[in-house]
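What follows is chain A paired twice: with chain B in the first complex and chain C in the second.
Up next is the complex of A and B:
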């Protein structure tokens, strides 16, 4: 008996030690893996930043490098040379993103909430219209015709706002699932018993309880609005109304085009003075802008909102 | 409770402010159109009276606004130049103009949507590379033959019948090309500093064999300099691709320039193709060419001043143009006699949109672009003494304190009408336009000039062949691979992708064209 238990003790200890060793080895592996994963994400960004600060000639001669021969601020100087346009485009992008995201959240949640209520008549019919748009859309030309010929939104700020507002059935799906799984029916019932009307229930009970999903969808739409250049491309002719991302795309494409096609000696001269390679990177850095700052604020809700939303009810 | 009330208040504020923004956006549009309407109207009132007093012909025409859609950036002083142009046009053809530049980057998308939505505009830039043939097939442009006969006599006399008929599609003209160089000639650009250093006589270089020892000498004496830079469609083999045959539109199924017969063949069968590829491969193996030749997508080493020579499609003054673009002097040497094909003629032109409300007026405007010096220079360079100052009858420069970067208006002069009527900047050869005319006269015209290839019946084959050619072409003509091995492979892959069918279809269309010519 004794001997057995004596033997058992070191055995247990050894196995515990082994587990500890294993786990620290595993831990190390995991750490290394995530350090590498982080590096894989950050290093390209760092390279972009360094290239944007490099001298154009050294890039032409040696290619991209973490240690460029010469540093230069030419790319930023070139972009800021047209500062008015840049600031203007920044303003448009921020305005559209803020207004668009808030409106989009309001509209989506106001559509998703009734769809989540079992006592809402015809909710399947309504839900069908939402799902239908996920599967089918009219195509580019009819889409363009609706906004230009029917709503006359060409060359207005609305053309940057509206097309993204009404497009995403998927977000509504996520929200509806969140509402129906995480807001108990009894809570709504008790609110009604206490005398709250539908509006009050929605704004003062349902929405405050749904911050995770609002933050998640909010982040998606913010990104969507911030990164949108296509609506500018298609609808906007007035240079005062174009968004930041489109300004960037446009500058890049114009440089590319001029480089391969220009036959105008003055434009040629302009191009020779233009830091074309480094400008691309500088634009990426400027374009990331505030959206990087927005991430930390949304992050804490993100996982919760996504996982809950992802469980389809 | 108070927290909740605060939140309600916030929501109310948000909803209100949003509705204000919406209202603001909504108001934006009518206000701006009203503004533009009034800005259009204001110059019209005084000039109408002058038009009545001055030109006899103008008052017969109803006032009309011509919309000109072209690729380019929107310059700061666009509206100012636009109203100056309008005022000038008022007195001539009682028309005003709206300039509608579209960025190069979104040109194809935007114009396609404009055509698809039947938006009304009058004149639009077109080119073989900007979808001229497909837009003609879609019916986006108006046929111009009658309009030119009636209101476009100057276009006819400036361009001549041969060039104009080079653009016919199914017997009708749909675009008027800019009067510029109508031919391509291949050759090389050389870094002038090195040419001078080694006393190289460019006149002695008339073939690739002549170039060979020079490249070898550069390699030996100038370590760190790549003797020949290749990449981005600038390959030794391009001498054959662009110079020895007429690609008949897409370059699949070609005419041998030297054969003199209308026989469509596989381009890999032209004997020069193998010859040049062999030379290129030898150079590549001997390290005379940059190693990444087949994949480079920019001017790379050449622009950085670290290469000696580059293959180029040349025209008079190309060396001066590239010298300014690169910031160091280069010199050019042409190896072929210039060659005019349908594609070089259709390089850039103006078309009248099917949605034009007054095509006759649009044609009058087009005609003026070929005959009226004041109009075309105003369109290209802006307003005298503000955007440029005159140095002589034909030469201009930027006003003091202004340069290419800061000038409030600029346009691409090679896009519109009669380029030979336009002013020249001091960094251009004052004799440029004469040299262009000479170059055009010298050019050998393809026997298939005017043939327009309709690839619609074989578009699946074309797609497959395009993929195959992406796989092989650049590697072969840059010399990166052994042509003895890869050209037969290439030929096989092309056949498998359906080249024979494309050639048969092209031959059929070509024969038909020749019959009706």
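Up next is the complex of A and C:
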């Protein structure tokens, strides 16, 4: 990110060192500021994690605490006891995220690429067609009725895949910009002179050269699918189709939700034994896990992606 | 068939799935906005239901709701824009002052973490602090100070502050990364020249960094202003745990439309509010874009 010319390095190094000496107090202050800011970001997560590992009795006695009197794995043990529901929710989330992201990348790039071709006669018309969706929308009610009354997607997996998440006008415009600025026209021309058709050119030449933008948009789409609970909230009533995020939403709003739908027959016994407060927080930790664990690996791409999105190419 | 169509038919086939999707997901609902002018019921469907004229709008605007949701949406967004801009810009400028690249990256990554976390989880995080019986603030702070506990989820007056804080927590990392990228893009020769002229860090920041990233700041802000009529549904639904008693300070247009549609089934009122939002939103985006074009042609949307 810091593009510095090589010629300037000696001068820079000298002056930078001087600055460091001059303002070590200021540097220290800045570091203190950031340590506090980072703590503010992490502490809530830490609290939830600690509560999930606490003994229920110490929570009932002292409330949520960073230093509980006793630790216990009861909450996780309880959740594992009825793992079916969790595994199902994980499965739905993973399936929807993978299928959704791949489909989205495919149809978005197939729309964006012709828009980037300067010789394609209808490119401006189509660009406007895409672009207008960013400006104006019909609102929630007609959108809801289109999917429920016209396409009958209520309580189907398609309701988690298709509405809103599949395509985004902004992403298409970003892709188009990337295609038109980073893929030389001459490359496409020479491929076609060599006898490659449009599809071959697109899949064999354009897409492989576009990995940076595909990775960026793919990352955002993945996050969109993985974190989505709104489509579930609006379209899903069938408990078999509950995704992980929606399961968490329902559990937060009512811990009874976890209990009431267990296949276990001795519900009364379970209810009395369930460590309610710690189970709630264990649920959050299980839901947050994948993102936090994967974060270090894609952090670098995320920052690049944000920058691409902001600069708009 | 015209020759150009034949020549480009592969490209036409390529764009087809995407176009059909936009047609279904975006354009059909636009035509559906006539529901706002209908006396809609499910049995007769969109075409069978009778016309209501402006009655839905009349009902909406004669209730107290219209005022509250409009005020809340506008005020929250206005405060979010100003507060987040101030903090994110400060964070970006300070991050840029850090000389150790490694630490700079660490801070940046940690600050960006909340951006990835879904609002379902954010709801839990807030609950762990604010729960009446066990929440950290009541049992870990107020109790130790000998103060009575506060029923956070029962009193509307606290929520403007809570929501501003939560919104900042989630989004400041994101904006500061963008500002930092803009700062990193500034040509280093400006700073070298300034140093030779004897400018200190403060002077460099106020005379070079800030003026040069001004266009990015203005564009980012104007984009948010264009969306000022839309609220973050997750923030207002999940973080408040959909608590009815908090509605005076937490109901926004988006949550109102959702509740009217799903919970109370009032389709007429709901679509009237939705259309009101879309039209005002459109006018705002449109005029904001005119402004951006004046400020910085390159960054205009269209």
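One rule holds for everything that comes next: the second predicted complex is superposed on the first by the 200 of 313 C-alpha atoms of A that agree within 3 Å, B and C clash if a C-alpha of one lies under 4 Å from a C-alpha of the other, contacts with A are read in each partner's own complex, and residues count from 1 in each chain.
Just so it is clear, a contact is a pair of C-beta atoms (placed from the backbone, for glycine too) under 8 Å apart; a residue touches a chain by one contact, two chains touch by 3 or more.
Since the structure is predicted, the reported quantities are computational estimates derived from the model, not experimental observations.
Of the two partners chain B and chain C, more residues of chain A are touched by C.
Within the superposed three-chain model, A:51 lies in touch with chain C and out of touch with chain B [touch as defined at top]. In the superposition on chain A, A:227 makes contact with chain C only, while chain B stays out of contact range. When the shared chain is aligned, no partner comes close enough to touch A:124: not chain B, not chain C. Applying the stated contact rule after C-alpha superposition, one finds that A:239 touches chain B and leaves chain C untouched. By the touch criterion defined above, A:186 reaches neither chain B nor chain C. In the superposed model, A:157 lies in contact with chain B only, and not with chain C. Across the superposed pair, chain B and chain C both touch chain A at residues 60, 140-141, 144-145, 149, 233-234, 249, 252-253. Residues of chain C that touch chain A in their complex: 4, 8, 10-12, 14-15, 17-19, 21-22, 24-33, 35-36, 42, 45-46, 91, 94-95, 97-99, 103, 106-114, 116-121, 123-129, 131, 133-136, 138-140, 143, 169, 173-174, 177-178, 180-182, 184-185, 188-189, 192, 195, 201, 216, 220, 233-234, 238, 241-242, 254, 257-258, 261-262, 267, 270-271, 274-275, 277-278, 281-282, 285-286, 299, 301-302.
Interface of chain B with chain A (complex): residues 4, 7-8, 11, 14-15, 18, 21-22, 25-26, 28-29, 32, 73-74, 100, 102-106, 109-110, 113, 116-117, 119, 232, 298-301, 303-304, 306, 320-322, 324-327, 404-405, 410, 412-414, 425, 427-428. Considering their complex, residues 57, 60-61, 81, 95, 99, 102-103, 106, 140-141, 144-145, 148-149, 152, 155-158, 161, 203-204, 208, 233-234, 237-239, 249-250, 252-254, 256-260, 262-273 of chain A touch chain B. By the touch criterion given at the top, residues 1-5, 8, 11-12, 15-16, 19-20, 23, 26-27, 30-31, 33-34, 37-38, 40-42, 44-45, 47-48, 51, 59-60, 62-66, 107-108, 110-111, 113-115, 117, 120-122, 126, 129-131, 133-146, 149-151, 162-164, 166-167, 169, 172, 197-199, 202, 223, 226-230, 233-234, 245-246, 248-249, 252-253, 277, 280-281, 283-284, 287-288, 291-292, 295-296, 299, 302-303, 306-307, 310-312 of chain A touch chain C in their complex.
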